[in-house]
Structures are given as C-alpha cells and as structure tokens.
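Chain lettering (A, B and C) follows the sequence in which the chains are written, and residue indices restart at 1 in each chain.
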Amino acid sequence: MRSTIRSVLLIFIIIIIFSGCGKEGKSEKKIIIAEQYGLAYAPVQIIRLEKILETRLPKGWSVEWKKLSNTAAIREAMLSGNLDVGFMGLPPFLIGYDKGMNWKMFTALCEAPVGLVTWKDDIMTLSDFKNEDRIALPQPGSIQHILLSMAAERETGNPGLFDNRIVTMAHPDGMNALLSKNDITAHFTSPPFIMKELEEQGFRMILSGNDAMGGSFSFIGGAVTDDFNNKYPEIISILSDVIGEAVDFIETDPEKAVSILAENYNFPEDELYKYLTWEGMNFSTEISGMNNFIEFMHKNSYIKSDIRTGELYTK
Amino acid sequence: MKSGLGVKLLWFVFFLILWEIIRITGDFSPLVYPSLKSILYSLITSVTNEGIINQLVFSLGLITVALITGTVLAFLLVLGSHTSPILDSLLNSLISFFHPLPGIAILPVVILWSGTGIKSILIIIIHSVLWPMATNVYAGYSGIPENYTLFAKNYRMSKIRFFAEITLPHSMPYIFAGLKISFARSWRALISAEMIFGAAGGKGGIGWYIFSKRVFMDTPGIYAGLIVIILTGIIIEELFFNYIEKNTIRKWGMIN
Amino acid sequence: MKNFIELSDISFSYKSGSCVIRDFNLVVPEKSFFCFLGPSGCGKSTLLKIISSMILPDKGVLKIKGKKTDKPDPERIIVFQDDNQLFPWLTTLQNVSLPLLLLKKSGREEKGQEYLKQVYLEKYGNYYPYQLSGGMKKRAIIARALAGSPDILLLDEPFSSLDAQTRISLHKLIYSLWEKSGITVIFVTHDIDEALTLSTDIAVMKKNGQISALLKNHLSGNFDYASPSFFQKRKVLYDMIETPDM
C-alpha cells in the first residue's frame, strides 16, 4: 500500500513538472512574427528581407521570423506563448476570436484574386458539380472554404453543399492534384498558385472571391496577441508603419520590389512582376470585408457570438 | 507486465481526475487546457449529434478491409517466394525496401497516382499492413519444423491440406504478432492520412474529426477525439486480440 | 516373410559429403524388433530415413515385401527423437486421431481413444501437448504412430531424452505393443541396454556406415538387467562397438 501511494505521488510530481514546461519567459525583448507562404505576404517579405523592422525597433529589441504552414498552427503557437504576431485570412482570425482567443487585427496586407479553378469542360457554375467531384482547398474554416460556402449559399441556397466534397490540401499539393486531372476537379486557391493554374491550357476560373463575397475584401491581415499589444503598443504601431511603407513601396515601385523578392519566391523577375501586378492584386493596409464575413459566419454557425467590428481592431 | 482491461480503464480514469485537479489548481487558458466537463460534453455531443461512432466504424471498416487484404497478399507473397530462390530474394528485398517506409511518407506519391479518394487511403493502410505481415508470415512459414513436413509426407497430405492444417495453425503466433503491429501501424497511418487530406469519399474518419475540430479551434473536441482513439485502441487490444489469443495460441501453449 | 525389408547395394551421401553409406545390404525379417546399434554419426538415422523413403538413395534398391519402393507411405511410419512432434494446436486425442483422419478411416474418436488407452493416456485426451510431461509426449507420439496401423514402425533414438525410470517403463510399453500388434519395428540407438532388452535382431554399426556384426538376440523382452547372461552379452557388444572420435 505504501509503495502504491509513493508511486502515485511520483507520477503526480512528474506530471506537474511537465505541465509547467513551455512557459519559460523571454529574457531579452523580442517580437516573434509568423507568416505563411504566398504572394499576399509580399510586404512582410520585404520587411524581413530588407531588415526594415530591425532597424526601426528601439534598442534592445530583436525580431524572430517564422513560417508556419497553416493558420491553425499560428493560433496554436500564439496560445502557447511562442508567437506575438501572425498573418492570416480573416475567417480563421474570427474563429479564434469567437473561441476566446485574446487577439486583435492591426493591419491588412492586400486584396487578392482568389478563386475556384477547374479543368472540367462541363462545369460552368457551382450547380454543375456532381457528387463525385472533389474540390481541394487548404482547410475547413479557411477563407477559401468560407468564400466557397458563401457562393454555394448564393447560388444554391445551401452553404454546406460542398462540405463533404472538400479535400484538404496545402496550396502546392492542391495545385499538383488539380494539374494531374485526377479526382480533384477544382481548386479554390490564391496567388501565385491561381495564376500558375490559369496559365495552363484548359484551366478556367469559374468563381472569383469577389463574386463569392459580393464585393471586395482583405485577403490577409495581421493579428497580434492582446498580451503583446497591451504591453508594447508602440512596437505594434512601428510594425504597422513599416507594413504601410512596404505596401506603398510595392504599389509605387513594383519593379524594385520584384528585384528584392524574386529570389525569395524563386520566380524569374518578369514572371513575378506579372503576378504582383495581376488584376485584383492590390496591396493595402485597410481592413475590408470583415462585416460580411462576420454576418455570414454567424448566420451559419461557424462562429457563435455576434462580433462587432470595432472590438476586433487595435487602438 | 500485463494488466487487464479493468486496470487500464482505472488508470485512465485516474488520469482524467488528475487532469481536472491540475486544471483547477493552475491558471490555464481553456483553449489550451479545457475542463474535463467540456471535454466530456464534447464527447457526448459528438456521439449524439455528430456521428463520431459512424466515423469510427468507417475508419475501423477501412482498417479491417486493409488487414484482410494485407494478410492475404502477405501469404500469397510468401507462398510465391517459396517456389523459387529468385522470388524469395525479390520478396526479401521488397520487404527491406518498403518495411521502413511509414505509410504517411508515400502519401504524396499515392495522391499523384490515384487521387485522394478511398482508394488512396486503402493503398496507404494496406502498405502499412502488408510488410510487417509479410515479415511475420515469412518467419512463421520458414520456421515449420522438419518433422511436420516429414509427417505430412508420411501420410501423403495434399499441399492444400498441409497449408490449412499445419502451416496456418503453426504460423498463428507469427500472424498474431503481425496483426498487432499491422493494426497499430494502419491505425496511425489512417489517422495521419485523414488529418492531412481530410475526408475520403465524403465521409471522414476519426482523424478527420480531430482535424476539423482543430481548424475550428474546438479544443475540447480535439481532446474528445484523442480519448476516442485511446479507448478504441484499448478495447481492440483487450477485447479483440487478447480474446482470440487466449482462446487459441495461448490455450495451446504456443506463447506464454 | 523372411525378406520383409530388403536393402540392396544402397549408397548415399549428403551434399556436404558427410555421412556416407556405400554398397549397403540388409534384410530385415517380418515381425522382428530390429535395432541399429552404434556410435553417433555412423549413418543410422540416414538408414532409417532411406527405409522410410524420406530420402532416396543415390544408388541401390529398397524393397518392401518384395516390391521396389521409392515413395513414403503410411505403412512405414517414422518417429524422430524430437519431443515436439505433436501439433500444439491439437489436443492429445486429436493428435492421436489425426492419422485416422488423414487415412479417411471411420470411428476416429473411439479408435483414437483406444490407442490413448494402450499408452495409458486415456485421461489426457483433452490436454494440449504442452501440458504433458516428456514421457507422456513420447507415449502420445507412439500412440499416434500406431494409430494408422502401419506395417513398419521406424524409431530414431526415441527414448534418448528421458530419465532412466521413464525410459524403462517406456521400453516395457513399446515391447508389449510390439508383441500385441505383430508389426515390424526398426529402431536406432546408441544404448546397449536398450538394444539388448528390446530387440530380436541387432546390427552393430561401424563408423563408416557398414555393419560389423548382425546378431540374433535371445534376451529380447527380458528386462532382468542383473542376470549373468545379460552382463555377458553386454560385454560382447561393448567390445564390438568402436569408441567414437573424441
């Protein structure tokens, strides 16, 4: 009996020690920023490559950059205290906020030509999809998924129509699957993948993001944890400023932006230039379309609370 | 080191209680460390409203199909390999090529070759089943004592009869070891595959369930999914494998 | 029948070159209890396998009841010294009845039970082999070998792994079974006492696989290990057997 008590105690102690892990404090002052892969993150890329933020931050501050593969990973890293700022689509931000994540949006990065691309000749509208057709997109709850649901509601009255025909794939895998013309008949994707797909013979866009939404919207925004923002609002305001400058820079001098970015995106300069100046690819820090997302997601129970736009933003 | 179903479940309950004690005493965000109540609530609504049992049955159905197919294939390969030394060396090489390859590692290739449907998931879990199974069947088949074959010669047993009445029962401990490894491997492969490319054929399994909970930040739901996986594993091991084992090879003294 | 089993000019060698049998000739009379006695490694077991047709000689002829034979058959059952000849997944009764099943004989259950009774295992029919002692396993193996009613029983050092007590009781058992059934037994041993108490005919083997002496044994069935004639015969045989290479 005594040995049982002793072993149970031992197990307790071990577990308590482990449960305290992953919470070590940061000694020097550091801002950790995560982005994902895609053309929409070009302003962030410029800041990172040119070390703009590092030069503008007060003394004693450093920057750590991370590249994460999806928004869920960004949210989880923020929750575990390993991330201060992350860039993502608006719907995943709303889902996190709705579930009780303490974070706010402080900027947008761009509007972008997202859309649904297919190779099947007999598909003209969403209602042409058959049961065996599969649509690849990053994940449920992503901006691509929400836009598809919006369009499905508009065209067929059933926002969940495609929920059982979705195949979750990162953009590059989705593109490969679509191009191989196998069972993936359509791909809801974003730049630069959408451009690559549309350049292939026989691939067409049958639904654009703007059509789905019924207006324009910010594709990617930047979010910061309340913890960080309350402690260091001045740092976030510096970050906002440099993002604004980078956005202006890309819009006013795309050639120069391309020369900085080409190596990073691994594209020839002329190709990247074409993509960066593609119609609908507008870099801007102004957050737009948030209300439409909230309204749709609330109505269809993707989020529970009726969020007001004002509470979502910093300042 | 054997503990029965009851003891394991007891420990499981112990850890659930421990979970709650730590949660109450510590200051954790419910998004990281949800309460036991919310996890259990999520578990119950999953069962009543979201058909998690159907998804589980779907997953286990796929695995059953893969286990049967993999076992039959393994026997065919091993039988074939015993007909010629070339085939024998071929099988041995195939096993050493493919045995170390985790099912999930061949996922990109499988998607390229046969898309993202049920067929691909089946290919991946059959791959996870086939090679450990072949290794074990091979060991069982090669380990048939000479006096068994001489006995069969003495009474002029037919090849089919020898296979059914001597090879099969003699190989049972190996088949069982293979089945256990294969089950564990295929279960993992299936869950990983579903977490990577989602629902197969419009009907996701338990991996997809966890994945969709993750993307919608339903943390209690993630834990509920994990609990379902753990309980399924325990139940299958205890009720299925151990039961059959107890009534066959353990009863025959072929394993201790 | 005098020439019940006949080996003429048999030669055999393993691929590895070991254990060579050259121009071997032997006649085993019907209903004899025939024994190959000799040191290890002189081809005794190989001869047994040749007589059962489990291996084919490179040269020479094997005749059973005057007929040339080159395939194993259930009339010549061979039993090895290995303990694990019973199938672990079958009960003792199922093991013993298996030859009856394979030979498509009727009344398997009763006949199997009958053979179990002959080896005093009737109470152990539902036991699995791993639950039996070494001696019990041997008895079950013998019962199984007899179950198919063979003409010839070939035993390869069947009692070697047993303790002295069990061995002697098994000697008596096999002897009485042989007496009752009237089959021909050929067995291989390196144990002089075993050969003397059991066999009617003893072939003393040389290391080169040849027979050095073929003796009639009148002590067969006489288990009086203390009698003068036993001692005398024992001494004769002892002197005949070559000492094995050390």
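In this text, contacts are C-beta pairs under 8 Å (C-beta built on N, C-alpha and C of every residue); 3 or more make two chains touch, one makes a residue touch a chain.
All of these numbers come straight from a predicted model, not from anything done at the bench.
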| item | value |
| --- | --- |
| Chain contact graph, described as a line, ring, star, complete graph or other shape | line |
| Most central chain, judged by mean C-alpha position against the global CA mean | B |
| Chain located farthest away, centre of chain B as origin (C-alpha) | C |
| Centroid distance [mean C-alpha coordinates] between chain B and chain A, Å | 35 |
| Centroid spacing, where centroids are CA-atom means, of chain A and chain C in whole angstrom | 83 |
| Chain centre separation in whole Å, for chain C relative to chain B (CA means) | 49 |
| Where chain A touches two or more other chains at once, by residue number | none |
| Residues on chain A engaged by chain B in the complex (per definition of touch) | 11-12, 15-16, 19, 71-72, 75, 79-80, 92, 95-96, 99-101, 131, 134, 136, 139-142, 164-169, 173, 176-177, 180, 182-184, 302 |
| Interfacial residue positions of chain B with respect to chain A in the complex | 18, 22, 26, 29-32, 108, 111-112, 114-117, 196-199, 202-203, 211-212, 214-219 |
| Residues of chain B that touch chain C when the two form their complex | 145, 147-148, 150-151, 153-157, 161, 166, 169-170, 172, 248-249, 251-254 |
| Of all residues in chain C, those that touch chain B in their complex | 52, 54, 72-74, 76-78, 80, 82, 84-85, 87-89, 99, 102-103, 128-131, 148 |
